Amino acid sequence: MQMTNPQQQQYDRGATIFSPDGRLFQVEYAKEAVKKGATALGLVYEEGVILAATRSTQHLRVRNPEKVFKVDDHIGIATSGLVADGRSLVDETRQEAQRYLMTYDEPIPMNVLSKFVADRCQHFTQYGGVRPFGVSTIAGGVKDGDAKVYQTDPSGTLNQWKAVAIGKGGSEATEHLEENWESGMDEDAAIKLAVNSLHEGEEDLDPKNIELAIVSMEDDFDVIPPEELEERGLGF
Amino acid sequence: MQMTNPQQQQYDRGATIFSPDGRLFQVEYAKEAVKKGATALGLVYEEGVILAATRSTQHLRVRNPEKVFKVDDHIGIATSGLVADGRSLVDETRQEAQRYLMTYDEPIPMNVLSKFVADRCQHFTQYGGVRPFGVSTIAGGVKDGDAKVYQTDPSGTLNQWKAVAIGKGGSEATEHLEENWESGMDEDAAIKLAVNSLHEGEEDLDPKNIELAIVSMEDDFDVIPPEELEERGLGF
Amino acid sequence: MQMTNPQQQQYDRGATIFSPDGRLFQVEYAKEAVKKGATALGLVYEEGVILAATRSTQHLRVRNPEKVFKVDDHIGIATSGLVADGRSLVDETRQEAQRYLMTYDEPIPMNVLSKFVADRCQHFTQYGGVRPFGVSTIAGGVKDGDAKVYQTDPSGTLNQWKAVAIGKGGSEATEHLEENWESGMDEDAAIKLAVNSLHEGEEDLDPKNIELAIVSMEDDFDVIPPEELEERGLGF
Amino acid sequence: MQMTNPQQQQYDRGATIFSPDGRLFQVEYAKEAVKKGATALGLVYEEGVILAATRSTQHLRVRNPEKVFKVDDHIGIATSGLVADGRSLVDETRQEAQRYLMTYDEPIPMNVLSKFVADRCQHFTQYGGVRPFGVSTIAGGVKDGDAKVYQTDPSGTLNQWKAVAIGKGGSEATEHLEENWESGMDEDAAIKLAVNSLHEGEEDLDPKNIELAIVSMEDDFDVIPPEELEERGLGF
Amino acid sequence: MQMTNPQQQQYDRGATIFSPDGRLFQVEYAKEAVKKGATALGLVYEEGVILAATRSTQHLRVRNPEKVFKVDDHIGIATSGLVADGRSLVDETRQEAQRYLMTYDEPIPMNVLSKFVADRCQHFTQYGGVRPFGVSTIAGGVKDGDAKVYQTDPSGTLNQWKAVAIGKGGSEATEHLEENWESGMDEDAAIKLAVNSLHEGEEDLDPKNIELAIVSMEDDFDVIPPEELEERGLGF
Amino acid sequence: MQMTNPQQQQYDRGATIFSPDGRLFQVEYAKEAVKKGATALGLVYEEGVILAATRSTQHLRVRNPEKVFKVDDHIGIATSGLVADGRSLVDETRQEAQRYLMTYDEPIPMNVLSKFVADRCQHFTQYGGVRPFGVSTIAGGVKDGDAKVYQTDPSGTLNQWKAVAIGKGGSEATEHLEENWESGMDEDAAIKLAVNSLHEGEEDLDPKNIELAIVSMEDDFDVIPPEELEERGLGF
Amino acid sequence: MQMTNPQQQQYDRGATIFSPDGRLFQVEYAKEAVKKGATALGLVYEEGVILAATRSTQHLRVRNPEKVFKVDDHIGIATSGLVADGRSLVDETRQEAQRYLMTYDEPIPMNVLSKFVADRCQHFTQYGGVRPFGVSTIAGGVKDGDAKVYQTDPSGTLNQWKAVAIGKGGSEATEHLEENWESGMDEDAAIKLAVNSLHEGEEDLDPKNIELAIVSMEDDFDVIPPEELEERGLGF
C-alpha cells in the first residue's frame, strides 16, 4: 500500500475536507482507482468517434459490453476505474439523455451530456455521506456532422479532446495518440490508431481483449468485435 | 482473525472511504464474507440453466429453499455469503421483476434483472449509513430460447458467464467448470457437471446437501431434490 | 466481561462495519444477548405445534405471557434474548399479520410471517443509526393441516425445523430434541418432549416456570398452565 | 463516580451499541439513574390499587403531584428516576390513553397502556440520536372489577405484579411487600402496607413526604394527603 | 476552569449520553451556566405574584425588559442563565400561550404553561443534535383569584413554590425567603421581601439594578421601575 | 494562535456542547472573530440615529455598502466580524422586514426586527450541524418620532443603547461615546461624535475609510460619503 | 505539504468549527486551492468589461470555455481554483439569472447576481455536511450603460472593483492593474492591460494560453481568440 505521511492522514478520510494546502485527498485517492483501471480511449476522426478499452478475458465469460457503453443512438461512453461505479454513472447518464429527448424532442448535445457526467462527479466531492465516483469517463458522439470527445475524472473536471486515453496505460496511450493523431483520418486509420494506442498502454495486450465501438455519422453506435478487427487487418 | 497493517486500518471503517491507493476496504471485507459462504454455481446448457449450491444439513431441519431461489417463472438466483443478506437482496429482486411485469406486461429480461442486482450492490458501497451486501449472486434464466447466467459481487461488479462458481469452494469449482463445460450439453450432462463441480469445491460434500434447480425452456423453474439426483444417477 | 483482542475492537462498534475477515461483530454480540436469554423451543407434532419457554418466577409477580406470544389464531412466537426487543418484534409481527389478513382476506402463511420477522432483523444489521435486535425467535403455526416451525436469529437468518431450541439452554435442549423427536407424535408425547428438553437445557428448572402453548388444528392457540401440565402428568 | 474498566468503556457511549457479551451499557447506566430516584411502589388490594412514592420536601415548596400521576379516571402511574423524564413519559401516556378513548370509545385497558409505556422505552434503546428514558414506572388501574399493577424499566422490560417497588429503596420495600402482601386486603390494610414498605426502603422517611393515591372501583383516582393518612392512623 | 476527572470526561460531551452512575453531565454543565446568571426570584403574596431579578447597568444602555418578561396579561417569567436562551424560551412560551387562547378561548392555566416550559427543556436533554437550554425560569401568574409560582431548570424539572430564587445569588436569596416569607403578605411587604432577598443574594447590588414586576389580580402585569421602588420606600 | 489549555480543548469543537463550567466555547470563539472585525457604532441623537463603521480601502476597489446596510426605509444595520456572515444575516433580516410589512401593512418595529436578528443568532448556537454567526450587529431606526439602537452578539444576546460600538476598536470607541454622548445632540454634533469615536477605536484611521449613514425622521436612510463629511467639516 | 501546528490541527477538519481565535480553517484551506488555480482577472473600461484567465494547453485538447464563462447576454464570470467547483457554481448562477429573468422580465442586475454567488459560498461555510467551494470568482457585466466587476472568495466575501485579479499570479497581476488601470480606457488599451497583467502574474505564459472575453455595451459577450489578439497586436 502506498505510504502517506502522518500530516496527510489527518485530512484524507472525507471527501468534504480540505487539507491545509487546499487539496481534497479522497478525490485524489479515487483517481488512484482509475489509475488501476483498464486503459480506455476516445478519438475523433473524419466521420465520427472511436471509443475503445481493454478488458480481461476469462474462459467461459461471455463477452458483454463492460467498458464501452452505448448511451444514445449517436453517443457512447468508455469508462475506466471501478466497473460498478462506471456502470452506475453510465446508467444515470442514459436516463438524463432520455429525459432530455422527452423534454426537448431532440437528442442531447454532447456538451450537455458530458457536463451532466462531470457535474454528477463534482457533486459527490462536495456533499457529505457519499464517496467520489472511482471512475473516469470518455464520452464520444456525433451531431449535425460534428464529432466530439469529452473526458471527466473523479473530481468532476471536464475537458474536450481530439484524442485522449485514461486508466493504467493511459499516459503511454495518450502519448502515442499525441504523436500519431491527425486531422481528417479515415475510419480504418482511426481504428488502427486506437488499437495501437491501447497496445502502447498495455504491452501484453491480447488483440482479443479489445472493446471497440464506432460512433459515426453513418452507422450510429456500432461495436466492432475483435474478429472483425482481425479480418479488416486492423489488429496489431 | 486476518491481520491488517496499521496503515490499512485507517481507511477500512467505512464503505464510503477510499484508501490512498484507491481501494474500498469495506467492500473487500464484504467479499471475505462471500469467501466463507457455501459454494454456489450456475451454468448454461442446451435447453436452459442449472443453478446449484451446497448447504449444511442438520438433523430435524426442514429442507427449504435457502441458497437457490425462484425469482420469476423462468429465472432463479443462487447466493453465497451472509444468508440473510442474500434473502433480502433476492426479495428486492423479486419485487423488481414484478414491477417490470406490471409496467411492461412482459417478463423482465435477464440483463435488466441482473443489472438491478448489481446496481443495488453498488449503491450500498457509495452512500453512507449502510454497509455493502455481504453476498455474491448468480442469476440464471431463459427467454426467447436463450439461456443466460450472470454473476454479481458485493462491489456491484457484473459479469455474464457460460458457467461460474462462487463461495468457499468457488475457485476449485470454477476451475472444474472451465475444464469440463462444453457447449450444447444436455440436461443430464449439465446436472452431472454441476454436481461434480460442487464436489470439487467442497471435498467432503454429502450428495444430500445439494440444492439444485433447473431453469429450462420446457419446465420453467424446477427444483431437483437430492433423491432424484440419486435416482437419475447424477450424484457423485 | 468477555475479552476481545485489540484488532477485533476496531471493527465492533457498528452494525454496519465489516471486519477484515468479513464478520459483523455487532451482530455477533447481539447473539450473545440471546445466549443469555431463557431457553425456548418449538416442535412439530401430529396435529400442530408446541411452543415453550422457561421463565423466572418471583413472588408476587403475576404470570403473564412473556416469552410465548399469540400472534394470530393459528400462529404463536416464542422469543429468547432481550425481552423488550422480543415484545417489540412480536408486536410488529402481529401488525403485519393483521395487514395481511386485511389485504388478502386470509390468514398470513407461516413462511410469509417468518420471513417478515427475519427481514426485519436483517434490516437492522445493514442500516446505520440503529442496533440489531437482541433476540432470536421461534414461530410456529398450522394452516391447511400443515404444522410448521421457523427460527430466526439477530442476523436475520431463517431456518425451518421439525424441532429446535434457542437461548441459554438451547444447545442441550436441541440435542435432546434431536435424539427424541419422532414424526407423528401425539399431543401428550410432544408436550412431554418439550418439557423434558427445556429441563435438559436448564437443570434446575422448576416445572412451574414453564410457559407452554399449543397451536393445533383443533384448538387454535392454547396456553397450558403449569398446573395443567402437572395434572396431565406431563411435567418432569 | 462508579469505576468502569477500560474494556467496558469502549462500548458504553451509545444506546445502540452492544458490548462483546451482549449488554447495552447505556441502558444499564439509565437504570442507575432509577436506583438514585425516590422509592415508589404499587400494590393490588381487594377493591383496587395503591400507588405511592416518597418525595423530598422543602420549606415553601407547594405540594404538587410529582411522582404519582393520574393518567385516566381509573389509572395512575408512579415513577422513579429523572423526574423530567418521568413527567414527559407520563404525558405521552396520557395522550395515548385519550387517543384510545377517542378511537374505541372505551377506556384504555391496563395491559395496552403499560405496553405503550414499555414500547416507548424500548424504542429509545434501539434507535440512534436519543438516549434511553432514565425512569422506571409502576402503572396501576382497575377495569371491569379487576385491579392490575404493571412495572417498566429503562430497557422497556414489562412485568405484572401483585405488588412491587422501585427506586433507591426499591429492593427493601419489595422485600417487605413480599413478606406482608396478602390477597384480599382491604383499603386500610393496603395503605398501611404501602406506607410501611416505603418506610422500609427509606429509614429516615418523614410521613409527610409520602405521595399516595388510590385507584379503586368506587372512588376512581383519589389522592390521600399525608394528613389524612395520619387522621386515619395509617402513617407509621 | 472547573476540573473534571478523566473518567467523567468520557461521558460529558453529549446531552444524550448517560455516565456509568446514571448522570447526564451536559445537563449538569448547563446548570453551571445558570449558577453564573443574575439572581432572579418569584413569590406569592395575598393578591398576586412578585417576579424580580437583578441586572447589570452600563452607562448609555437603555433599560429594557431583560430578565423579567410579560408572557400573557396575568403571567410573567423571570429567567436566569444564558440571556439569549432565556429570551428564546420565553418567546416559545408566549406563542404557546397564544395558541392555547386561540384554541380554548381562555387564558392558559399556570400549570399548563409551566409544564410547557419544563417539557421543552426536557426534550432538549433527550434528543441528539441540540444542547440543553442554559437557563432556569420562574413563572408566576394569577387566575381565578389564585396566585402561583413555578420554577424549571435545564433538566426540565418542575416545582411549584410559595417563594423561590435562582441564579448566582439563588441559595442566599432562597434562604432569606424561607426565613421571611409569610402567608397573606400585602403588596408592599412582598416587594420589600423580594428586594431584600435579591440583596441577600448579591451584596453589592445597586437598587437601580432591580427589575421587578407585579402580576396581580387588580393590575395585571405591572413593571415597577427602580425609582418607584425608592419613592414607595421599598428599596433597601 | 491564542493558546488554550488541554481541558478547554475537550469542549470547544461544537456549538452544542457545554464545558464543565457552563460555557459555550464555540460561541466565545465566534466573538473573537468579531473582535477582529472593523469598528462599527450606532448612536441616537435628537432626530434619529447615526450608524457608522470603518473599512479598509484598496486602490481600484469601488466603494460599496459593506458594513452599513439599509434594511428598510427607516432602519439600518452596521455589522462587525466575518463580512460574508454579516451580509447573509442582513439579507435574512431584510426579508423578515418585508414579510412583516406584507403581513401587517406597517413597517416592522425596531424591537421586533432586532429580536429577529438576535433569535437567529441564538438558534445557531443551540442546534447541531451549523456554526454560530461570526458577527455582531448594531441596528438603528426611527418610528413614530422615536429613535432606537439595538446591538446583538454571536450568542444572540440583545441590548438597547443610546450609543454603543463593536469590533476591534469597540471598547475604546464605546468609552469615548460614554464620555461624550449627550441627550438632545443635533445631527452635526452626532456625526462629529461618531467620527471621533471611530477614530478613538482605530488611531490610524483615514477619514476616507468611514462608512456613515443617518436614519432620521426627515431623510429616511441617508448615506453620507466621506467627501461630504469633509465638506461639512465633520471629519477629524 | 504545508506544515500546521498541533493546536491548529484541532480546529481545521470542519467548515463549521471556529478556532479559539475566531478563524475558520477549512475556509482558509479552500483559499489555498484558489492560490493554486490559474490567474484570472476582470477590469472595467470605457464601454464594458474585460474578463480574462490563463489556461494550460495540451496537444489534442480542444479549446473550450474553461475559466471564462458566459452567464447571460451581458454578464460573464471568470473563475480560479478547483475547475469542477467553478463550473458547478457558474451553472447555479446561470439558473439564478434565468429565474430572475422569468420572474421580473428583465435581466438580473450585476449586484444581485454577484450577491447570489457570494451567498452561495457563505452558505457552504456555515452548514455542516458539505465543504466550502474551492473557487474564487470575478463577475463582470454591463447594464444601462454601466460596467461593473465583482469578486468573491470561498468565504463568501464580496467586493466591487475597477480591476482585480485572483489565482496563482493574482497578486502580481493585481499590482500591475493598480499601476496601469486608468479611467476611460478604450477597448484595445483594456485588452492590452489585461493581457499584460496576466503575463505579470505568470511569467512563462504563452499568449496562446489566454482566455479573454469582452462584455460590452455593443457586442454583448464576445470571446476573443488568441489569434485575434495577435492579429490586433494585443498579445505581449
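By letter and in written order, the chains are A, B, C, D, E, F and G; residue numbering begins at 1 in each of them.
Following the convention adopted for this analysis, contacts are C-beta pairs under 8 Å (C-beta built on N, C-alpha and C of every residue); 3 or more make two chains touch, one makes a residue touch a chain.
Predicted, not measured: the structure shown is a model, and the values here were computed from it.
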item	value
Number of hops, subunit D to subunit G, where each hop joins two touching chains	3
Touching both subunit A and subunit G (chains)	none
Interface sides of subunit D and subunit E: same vs different residues, half threshold	different
Inter-centroid spacing, subunit G versus subunit C (mean Cα positions, whole Å)	67
Where subunit A and subunit F are represented by their mean Cα positions, the distance between them in whole Å	54
Rounded Å distance between subunit E and subunit F, as computed from the means of their C-alpha atoms	30
Multi-chain contact residues (two or more partners), subunit G	128-129
Residues of subunit D defined as touching subunit C within the complex	5, 7-8, 10-11, 15-24, 115, 118-119, 121-123, 125-129, 148, 155-164, 177-178, 181
Interface residues, subunit E side, partner subunit F - complex	1-4, 9, 12-14, 25-26, 29-36, 59-62, 64, 66, 82-85, 87-88, 91, 124, 128-134
